[in-house]
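Each of the two complexes below includes chain A, the first together with chain B, the second together with chain C.
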Partner chain A sequence: MGLVQVATNTVTSAVASVTLTGIDSDDVYMVTIVGASPSSGVDEIRTRFTASSTPQTTANYDYANKFFRASAAFINDSNTNLTYTRGTGNIDNAFEGGNGIFYLYNFNNASEYSFMTIESVTFGFSEGRGYAGGTVYTVAEAHNGVQFLPSTGNIDSGTFTLYRVV
Partner chain B sequence: MSNLRLINETEFNETVTNINIDNVFSTDFDIYQITLHCRESGGGLQGGVGMRFINTSGSVNSSSSYDSANLRLLVDSTSEDRATNGTSLLHTALGFTDALGTVSTCYIFNPYSSSSYTFTLGQGNFYTTKMQTEKGIGVFKSAETVRGFNLITDTGSFGSGTIKTYGLRVDS
Partner chain C sequence: MSEYGYIPEAPEQSFGNNKGIFTPKDIYDLTRADKYTNYGQLELIETQIHSSDVAQVDFTNIKADIYDVHFMTLNNIVSSSDAGLDCRLSDDNGTTFESGSYDYDIQFVQTSGTSNGETRSTSGNAFTRLGALGANANEQGNGYMYFYNLGDSTKYSFATHQSSSWNFNAHLVMYFGSLVYHQTVSMNALRVFPTAGSLTDFEISLYGIKSYE
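Right after this comes the complex of A and B.
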């Protein structure tokens, strides 16, 4: 597998969100997050897809994930018709603990839904946590990128990078 | 040129039960991809492939600082949740060794950072009489720089195979 970098953003001071764009082909794309930290004590990182670089906020995101927990039973976490999708579990901002690998499919195709696979690992509420699953935005339109944002407050740190898989 | 760069390739033989891959982490990369391909051709016992980290002094850290959460998927039964908290290694971070083959991939996040915990995402597929999959996450709960990793089986040996370590480059 080869990876060609398309865009990157390293957060060194608080921002409300991070947006990566540059998807302009029918290839599969991959996004990585490393060291993401929310400004609030413990928070998740959410994701939206961008159309013409504008994050899409209509209630058309569905997701189905397995929620891994190091000190409790795992949970099947799913939802439909949200205005965002869940990218990571809870991140304790003391440990720069938001990390993930996401694959993007069909984003450049205006006649099909866009899909994203989710694999992320965090540390929150005193345990290692993870998400594995996927999400779809149920509007047939082209998307050129993704936005990451916390549920409240800002993102204080982290490196977010978009690659094209070749 | 791909942003995925090969850092180390290590081959091993039948007798190995404990492997150090040292001096592979650096400031050059924040994310690493580890691949394991092995086959315990002697028909030995299935053994979990645990991971520990090597500190800047070259010692393997086996303190009670590791959290793991793995989902074991079976072809002939319901899946099993396997969670451990505060143990001496990342349990089955690269799945299991097996007689007819193991293929595993694990991503490691921020091992060289002294201010962050070290995190892993892994998945292994393995086969003796049936295919099984182990998929999970891990956290090394110590904010310290680590320069390499150790793989250890809890039963039997790795057999023969190869471990490759790649760094995922970010160009600013």
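Right after this comes the complex of A and C.
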């Protein structure tokens, strides 16, 4: 496996969202998130897919995740027909603790749904937390990237990088 | 020299945006400055292969000042005793390894027996359950880990892992976990070790995932 960097964004001052684009082939793509932190205390990082660089906000995101908690039993966390999908668990902004690996499938294919696998780890509410699972956007259209955003407020820090897997 | 006979202003150079004709020294200098387009951002740091039995495998040159994401592959890990496979972090180049402050929550599924579910802790002594090891035929662990923020002294260190093992009870077990070392310390070494006995076979590779500004 090899990786070719396509786009990156290091947040050093607060932004409402981070968008990475540049998906233009049928390859699998991978995104890394390191040190992501929300502005509002404790929050999750959400994800949307972009079509022609515009984040898609229609209620067509489904996700099915295992939600890991270091101090309590895991939870099967799934939902359908949302306007976003979950990328990470809750992040305490005191520790800039949002991290993960996301693989993107079928994004360049306009005749198939786009899929994403999630493997993320955070620190929030005084415990280590994780998400492992999958997401689909149930519209057959091409997507050229992903957007990351908190549920409220801004993203204060973090490095977000998009790679093509070769 | 331009086609009109003057020396143009040198263009700004950056990853994915290099212009001009480069000498080997230019390439060397730009690469060192992270401004030369070298495709291939999964970069091998080190591979360690079994040559004699050892109690642990240490990586003491993890280049945490360069990479904020590390990827480790664990292949054909065999131990002299029935054991699990764990990992610890060091902030003093491998002189000592941290043995507390590890959070983890790990899912496990087996093809035999009733012991499926999870194991978790907010005060663990290692990143744990990277594999299930044994000494009998076919008993071995295989998997991968991602590490995040190891070199940043202002942030916790994080990891995720998945493994597939033929365990010491002669059946398949899968682990998948999220792990946090909840101290703000800059780490510079990793140790992989069995919870009992020694490692009698292994191939472990550590990669850095490069990100250009």
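Just so it is clear, the second predicted complex is superposed on the first by the 166 of 166 C-alpha atoms of A that agree within 3 Å, B and C clash if a C-alpha of one lies under 4 Å from a C-alpha of the other, contacts with A are read in each partner's own complex, and residues count from 1 in each chain.
Definition applied: a residue touches a chain if its C-beta (ideal position, glycine included) is under 8 Å from a C-beta of that chain, and two chains touch if they have at least 3 such contacts.
Keep in mind it's a predicted model, so treat the numbers as computed, not measured.
**Q** Following the overlay on chain A, give me a clash-or-fit verdict for chain B and chain C.
**A** Pair status: clash.
**Q** Could you tell me if A:Thr159 is touching chain B, chain C, both of them or neither one (first, second, both, neither)?
**A** both
**Q** When the two structures are overlaid on chain A, which partner does A:Phe125 contact: first (chain B), second (chain C), both, or neither?
**A** A:Phe125 sits against neither chain B nor chain C.
**Q** Same chain A residues contacting chain B and chain C, which ones?
**A** 1-5, 8, 10, 32, 34-35, 66, 68-74, 95-97, 99-101, 119-123, 127-130, 132, 159, 161, 163
**Q** Residues of chain A touching chain C in their complex?
**A** It is residues 1-5, 8, 10, 32, 34-35, 66, 68-74, 95-97, 99-101, 119-123, 126-132, 159, 161, 163 of chain A that touch chain C.
**Q** Note which residues of chain A are touching chain B in the complex, please.
**A** Contacts found on chain A: 1-5, 8, 10, 32, 34-35, 66, 68-74, 95-97, 99-101, 119-123, 127-130, 132, 159, 161, 163, 166.
**Q** Quick one: which bits of chain C touch chain A in the complex? Just the residue numbers, please.
**A** It is residues 15-16, 39-42, 68-69, 103-107, 118, 120-122, 146, 148-149, 152, 154-156, 158-160, 162, 176-180, 182, 184, 209-213 of chain C that touch chain A.
**Q** Which chain B residues qualify as touching chain A in the complex?
**A** 2-4, 30-31, 67-71, 81, 83-85, 107, 109-110, 113, 115-117, 119-121, 135-139, 141, 143, 168-172
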